[in-house]
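In order of appearance the chains are A, B and C, and numbering begins at 1 in each one.
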């Protein structure tokens, strides 16, 4: 099993290098002079131009620039945001917990509903339950989530007034962030009503962000279960006279979960993309919104740094999923 | 749980000679069993018809602004007007006509993106799957790099570089979808490569190019067709998302996603400006996904009954 | 009173192109401690019949019978809970592919102990003891270590031994073995077969052995039932079957045995088993039978009595020649 892990990690290195090159190339691909691009419409004086060129190292040969970039990045220096004048690294980590919290809740939401739904749909294949689950999953999968978010806002915030529209917590609460996770911080703050306010702000964004993963998990679980239910060892389990709930819930599910957990893990990439839309609609102060804003404000160091960090997060998650897969698949964990 | 749940078949008195179906007929048998797939196909045909006949069936032009009819509700609500069946938007444009013309953009995006991504992705996948070795490793790393970025984010960044427009959005989405085709084709080719008919063809002297594209590729089509349907719908959703974020089709283009961006500030005042474009996207994508599901069930031998 | 009593068992599958009759009015009985072999080619329905007895067929199958009784329980009308008390305990089945018949996610010990816990209610220590005993019975060395092994760590022969251990764990009255050695190496086949026979003698259970190998039948069975295209075409005690087959198909199978070769070429039976789309209107074997006459192609054959081996034939054989005159059905090379 150790070999399995090492091989996975080894494959990651060229990919990571490639990602850094892609992020590095981002600004360089933009047509035109990089300094002028950053200056925007205001333009600069020739002296300032030369100064900035030297400061950012644009006057040096490209491979050297890349190496500088790479060494800085590995030390946590991703440049300075043109808008806030603060280090990009710091900006990222201030906003990242918000996205992390939202993504985490969305995944829990997707798995908690999607897994049982998929299992039941597979077991009762062809029944109305199966068709309902599959139709609902299909609709969730086909929905433009930005529109879905707007609809939910119209319904629950506008017409019913049950949930708030924007932000992570009601403005009347203020406390210093400890972990960056509003659910935990609000509990720690001890202020009355803070926690429930945090929860009510999380509900709609979680549903919106979690809809597509929910649909995917339900469908994948169903198809993995259907595959497993046709296997010889399930027949053996039935031939032993075991209860159906045991055959399905233990013998079948345990095997079906192996590919499904991989799917759940891989949804992270989808989540980070969907976060851009969700955070925009709900004004959720996370990295999705930050990336979009940075693109519009031409804050190229932020965009570049954000791309690199997000790609790194995705790669780490994928690696973790691979490792978990190695742990739960007995063929890899216990080599013959 | 007994496996002998009563199946809706009566014992036939005699099972005399039956004839098997031809492949197209068999495909249609399984496809048409899936009512959802047939419904999807019908609706998709309807949308195609709408897109092709847009000039003739749209009551108004997509961009003409009626200054006297700003934010009119749909005809069945109070204040509605029979000239504008689904109401008007904030600058007085007819919603129905914009939706009709919008179908052209969505279908166009889907076709171009799928065609582009497929041509490049499948070719690359076949070559790399067949050749293997270092070339394969290189291409796979390249695909991994693309896949390391969340797809919408990457498309957004690409459009930011190229400049916001529908064309650039299509290019960006096609690039982002590459890895799926490459991987799928490569996996299929690799599994077919070891089969006897390929060895037989190679021994018979078929040159590599022909072997790749004429011998192996046709046998890999089933998952590719399903993927094409899936990525058609993904392309429409992504183009709409980019339009919504202001990075795709630019106003006043009546692309459904762009329409939603303009409508955002009116969600509480004028529900029709927000609802209808979204419904249009949802139904179109749903229809294509239903067809894709039907295709997968009809083409996948494992799910067939016998 | 027979242990297993089957009369006119029929199984039909609903397929995309119509109904397919996999088992067509098959009847036989199995007594206590008896060894019955069911012989036939692929497509003869021999496995499906036994899966129907166990209740393991998929939802597309329709099972009907005049009588399907085991140990005085009517299997057709049994509710799921009562059936589960019998399956795995009094009737057990082992399958053809041992490598895929064990759950890859659980250890051998876990899977072995399951039936013990659920059917016999044994506690953990007793289960462990009994599991080790069972593994020893089936000839697995170092049984204590094997309890914590995973199926992918076992070879084909060992997996099948574990399957046998699982099957006999609750002392079944009837053991069904569906081609237990087909997927194993030739060298292992004989071992596993011998094991099966020893176990059967030791536990005193009845054994239904499904196979396509006539050689295996000769060594193991007491009675033989021959199936073709879903129908039973002959049934006899083993010695009589080999010395005087009454159905042309049986005769042809025996003639194809290498031990019986009269010349350098082995006689083979021309043609293939009818599938779903080419079932002949008359006798199902007629297209391949050298002794077929016009009536064979036109009308379904009658079933004869025990003296002619219950043969399903218009011209049953006796002493190598058709009973009613006419040319012999023996296939020559």
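Methods note: contacts are C-beta pairs under 8 Å (C-beta built on N, C-alpha and C of every residue); 3 or more make two chains touch, one makes a residue touch a chain.
Note that the structure is predicted; figures quoted are calculated from it, not measured.
In terms of C-beta pairs in contact, A-B outnumbers the other of A-B and A-C. In terms of the distance between Cα centroids, chain B is separated most widely from C. Centrality annotation: B (chain centre taken as mean Cα position, compared with the mean over all protein Cα atoms).
Centre-to-centre spacing of chain B and chain C amounts to 50 Å, using the average Cα coordinate of each chain.
Per-chain Cα centroids separate chain A from chain B by 23 Å. Rounded to a whole number, the gap between the C-alpha centres of chain A and chain C is 54 angstrom. Residues of chain C found to touch two or more other chains are 56, 80, 83. Contacts with at least two other chains are made by residues 238, 244 of chain A. Among the residues of chain B, those in touch with two or more other chains are 1, 3.
Across the complex, chain A is touched by residues 54, 56, 80, 83-89, 92-93, 95, 97, 100-106, 114-115, 118-119, 150, 152-153, 163, 166 of chain C.
The residues of chain B lying in touch with chain C in their complex are 1-9, 11-12, 15-21, 26, 29-30, 304-306.
Listed in rising order, the residues of chain A touching chain C in the complex are 231-233, 235-244, 251, 254-255, 330-331, 334, 336.
Touching chain B in their complex are the following residues of chain C: 10, 12-21, 52, 55-64, 80, 83, 276-279, 281. Interface residues of chain A facing chain B in the complex, by the touch rule stated above, are 11, 14-15, 18-19, 22, 26, 29-30, 135, 138-139, 141-144, 146-148, 150-151, 153-154, 158, 226-227, 238, 244, 247, 269-274, 276-277, 280, 291-292, 295-296, 303, 307, 310-311, 314-315, 318.
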